[in-house]
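To start, the structure under review is shown below, and the notes come after it.
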Amino acid sequence: MKRIVLVASFLGAFTAFAQHQNPENAKMKPEMTEFWDPEVAVITPAESNSNAPSDAIVLFDGTTEGLAQNWTNNKGEAPGWVVADNCATVTKGTGGLKTKMTFEDFQLHIEWRTPAVVDTASKSQGRGNSGIFLQERYELQVLDNYGNRTYRNGQAGSFYKQHPPLVNVCKKPGEWQTYDVIYTAPRFKADSTLFSPARATVLQNGVLVQNNVQLSGPTEYIGIPKYKFHGPAGIALQDHGNPVSYRNIWLRKL
Amino acid sequence: MKRIVLVASFLGAFTAFAQHQNPENAKMKPEMTEFWDPEVAVITPAESNSNAPSDAIVLFDGTTEGLAQNWTNNKGEAPGWVVADNCATVTKGTGGLKTKMTFEDFQLHIEWRTPAVVDTASKSQGRGNSGIFLQERYELQVLDNYGNRTYRNGQAGSFYKQHPPLVNVCKKPGEWQTYDVIYTAPRFKADSTLFSPARATVLQNGVLVQNNVQLSGPTEYIGIPKYKFHGPAGIALQDHGNPVSYRNIWLRKL
Amino acid sequence: MKRIVLVASFLGAFTAFAQHQNPENAKMKPEMTEFWDPEVAVITPAESNSNAPSDAIVLFDGTTEGLAQNWTNNKGEAPGWVVADNCATVTKGTGGLKTKMTFEDFQLHIEWRTPAVVDTASKSQGRGNSGIFLQERYELQVLDNYGNRTYRNGQAGSFYKQHPPLVNVCKKPGEWQTYDVIYTAPRFKADSTLFSPARATVLQNGVLVQNNVQLSGPTEYIGIPKYKFHGPAGIALQDHGNPVSYRNIWLRKL
Amino acid sequence: MKRIVLVASFLGAFTAFAQHQNPENAKMKPEMTEFWDPEVAVITPAESNSNAPSDAIVLFDGTTEGLAQNWTNNKGEAPGWVVADNCATVTKGTGGLKTKMTFEDFQLHIEWRTPAVVDTASKSQGRGNSGIFLQERYELQVLDNYGNRTYRNGQAGSFYKQHPPLVNVCKKPGEWQTYDVIYTAPRFKADSTLFSPARATVLQNGVLVQNNVQLSGPTEYIGIPKYKFHGPAGIALQDHGNPVSYRNIWLRKL
């Protein structure tokens, strides 16, 4: 903005703001608070957020080759998950997946789908269960919670057993859902104790479900989380036995 | 997740985490960290983020009636901006717009477009300039910065004169761009001094441009910002003299 | 400071700092960043921190009258604790104490002493146990931990079952110890959910034992803490059955 | 605490807290939230905070040898300041002092005295001016502000030109004053941009003057501060031309 037009526009709101300034402050020029260097890096956005902007790392592009290039199973071998229709599906017994690359702070986009055919004999955690482990430790839950209640801190959009989602914005089983995650890694001191905890903001299907929450440590199924020193680490996808699918995974280092 | 499969899957990453627990901690049961109540509210996402999820307030639906229902000009009168093709366009001399409703914390989606025909005689702040004032005070800059350099803390995606965007992810003039904003209002103490500053996270065209930044006060064109007590306040759109257009504006109270 | 002498003094450290400034920034004058109003309130410090500065509320001055004036027992009646030698001592069976006044953010000074004669048959939590409940809910533990080990998150200087102290800086039983506490109350939203958690910094005997820690909810003896809306509240002292003494209690509202 | 006595004592405040727990949560045992390892380090406090606790580094013990051991002038040579009566006094023209050791996070105790004989011809910044530079960059102002007004963000207890003190708790010229500082160093990312800003809490003469403030960059006499990457750094004392004295300087690494 320049104030020229604005002063005319929003007199009520803006005239009060100058009162704290002494005469010398008032003599400042606009240019004194304008900073030009360094120039902000220019990147190109994608058509939609399913697609990666120009500075992103495409972690999974929908091909078997792409999956093998960036991911291993938990034994460090080639992933055992089936790739079809541009997505990779949990293939029971082949174990979870983990990226070869490791990360600290990032913006992550990932799409997931729970099975269209619901096993109605299963409920709560038994339906469409998987999970995305940020830095291999902090689980953002993936679950079919469409008309399927579970404990609030274990449902889709939760940081498992730490933070319930702000709302349940799940789509129907068989429909693709999105997570957009802004993640800040924990930092540790020289003696390996915690300096600052991990933080995350998550949008599910475009709706805020985690608002800059602070994680209390690695995800624990039993007991109380506690931080333990670690460095950069990968993104891991859980094999929980249900054929959950993933696609369009991209990440921007922050 | 349940740990059953996971233990098999990610032994390396997870076995270490139990070591801090004394024998009694280890006897905890999974159910002891599962919280069911209150149930998380269920809402329905939209097809795309241009559309509002079920719990959002649609601030502008593309119609003249919709604009008049939710907005006024800065004199409290009906908005003078032209509505056409589902968007509202700054109409020079009619002043800025402001919502009738007021807000504290929110998630805001808004789309904007700078003029397709570029006035090449203008540059820097002179090209496609407008702005979105959160709570009528904190300006998220709107500007044509496609091939048009300006000071880094004044370009599109900046909190004007406070925080430059992390990247310049602008689209071409004449193309629609999106802002998705997660905003936390400042809080004040009983004596009107600041308790906690405003904070915001912004995605421009799906790309993170502001990562939980802390605002240092209301936007100032000249001088150094300083907080001043205020309560809930509206969203304001600036008339900076350029025919910038807006559409698909929705907001969810947080 | 003025830079005049400094520039000569610390050239190495300081000359680099001007490089981000464009020519206009460099033309700023020192006066432009000098703010005079409002004048900072003048108060008078005490001789030592056992004594209250001029703007403090003296919550306990060592007299029976002073205790009765500012405190009640948990039934709202006059305190049952014995006052002698300028201190008040937990008198078993009379219950805890609570201030009549309520507070939000504050600086608190308080002195405490565990019994000089140690019941060697008792150990861990059994020795010299009491506690200071900030806003009646958040317990800063008082315990005889001189040569008496207990669980780290339950010892003197801990926020009970939430944050162990950084060091064990306890004096011998029978010696007076000090806590200097800087406390920020939690804030809640209009719907009674948490906006920002309580935070505290604590010096024990002049040594930092809690460094701006974030409390996870009211103190729980069993289970996991969870915030519940509350407004301003008092300081409470626990009757845990041991004759722990208190003196020189003053508080400054922040 | 144990709940046994407490439940009887504070029924009103505490009974409500269990309501969020499901039946399984309620079956937790107290021991499940008690953590014993690692044992908290035991240290010995000093008689008063003028003296160092057992784990502190004594940076100045009042002797010429002690000063020469830990400090240099700004040319890396032996300090030129006069040591007498257990204190070191700024000796005009000899330049500032800087510790040989470097630090990140710390608790610092330092005592200072402005000249007993006031040069009444001087006022504002001209009277008893010196400064303590944390990590050689972030100035905690030292000034005679007893009956001597200056700009609020430049007086004793301020972080110079960034944060005015909460109160003016200055003693008379010629009297010893204390600063107790809790300092968290800024952290930087691998690309040298800021990860988290420096933070500090300061007690002057036992009274809170800075409450966990966030510094916006190295102290600037002219213009707007901006962070620049640095690692561990020393404590520096400013030679501003006035014979300000220092004593009892100790620091604990955090």
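In order of appearance the chains are A, B, C and D, and numbering begins at 1 in each one.
Heads up, the rule we're going with is that contacts are C-beta pairs under 8 Å (C-beta built on N, C-alpha and C of every residue); 3 or more make two chains touch, one makes a residue touch a chain.
Given the structure is predicted, the values throughout are model-derived calculations rather than measurements.
Asks: Tell me which chains count as touching both subunit A and subunit D.
Replies: B, C
Asks: Across the interfaces B-C and A-C, which one involves more C-beta pairs in contact?
Replies: A-C is joined by more C-beta pairs in contact.
Asks: Pick same or different for copies subunit C and subunit D, depending on whether their interface residues overlap by over half.
Replies: Same: when the shared numbers are divided by all numbers used, the fraction is over half.
Asks: Could you tell me the distance, in whole angstrom, between the mean C-alpha positions of subunit C and subunit D?
Replies: 18
Asks: Report the inter-chain centroid distance for subunit A and subunit C in whole angstrom, where each centroid is the mean of the CA atoms.
Replies: For subunit A versus subunit C, the centre distance works out to 37 Å.
Asks: Which residue numbers or ranges of subunit A touch two or more of the other chains?
Replies: 20, 25, 28-29, 32-37, 223-224
Asks: If each protein chain is taken as a node and each touching pair as an edge, is the resulting graph a line, ring, star, complete or other?
Replies: Shape = complete; every chain linked to every other.
Asks: Tell me, which parts of subunit D touch subunit B in their complex?
Replies: For subunit D paired with subunit B, touching residues are 20-22, 24-25, 27-29, 31-37, 214, 216, 224.
Asks: What residues on subunit A touch subunit B, complex-wise?
Replies: Of all residues in subunit A, those touching subunit B are 1-3, 5-6, 8-14, 16-18, 20-21, 25-26, 28-30, 33-46, 48-49, 53, 55, 74, 95-96, 98, 107, 109, 125, 129, 131, 133, 136-137, 139, 141, 149, 151-155, 160-161, 164-171, 180, 182, 184, 199, 201, 203-208, 211-212, 218-224, 226, 228, 236, 238-241, 252, 254.
Asks: Within their complex, state which residues of subunit C touch subunit B.
Replies: Listed in rising order, the residues of subunit C that touch subunit B are 32-33, 105, 187, 189, 195-196, 223-224.
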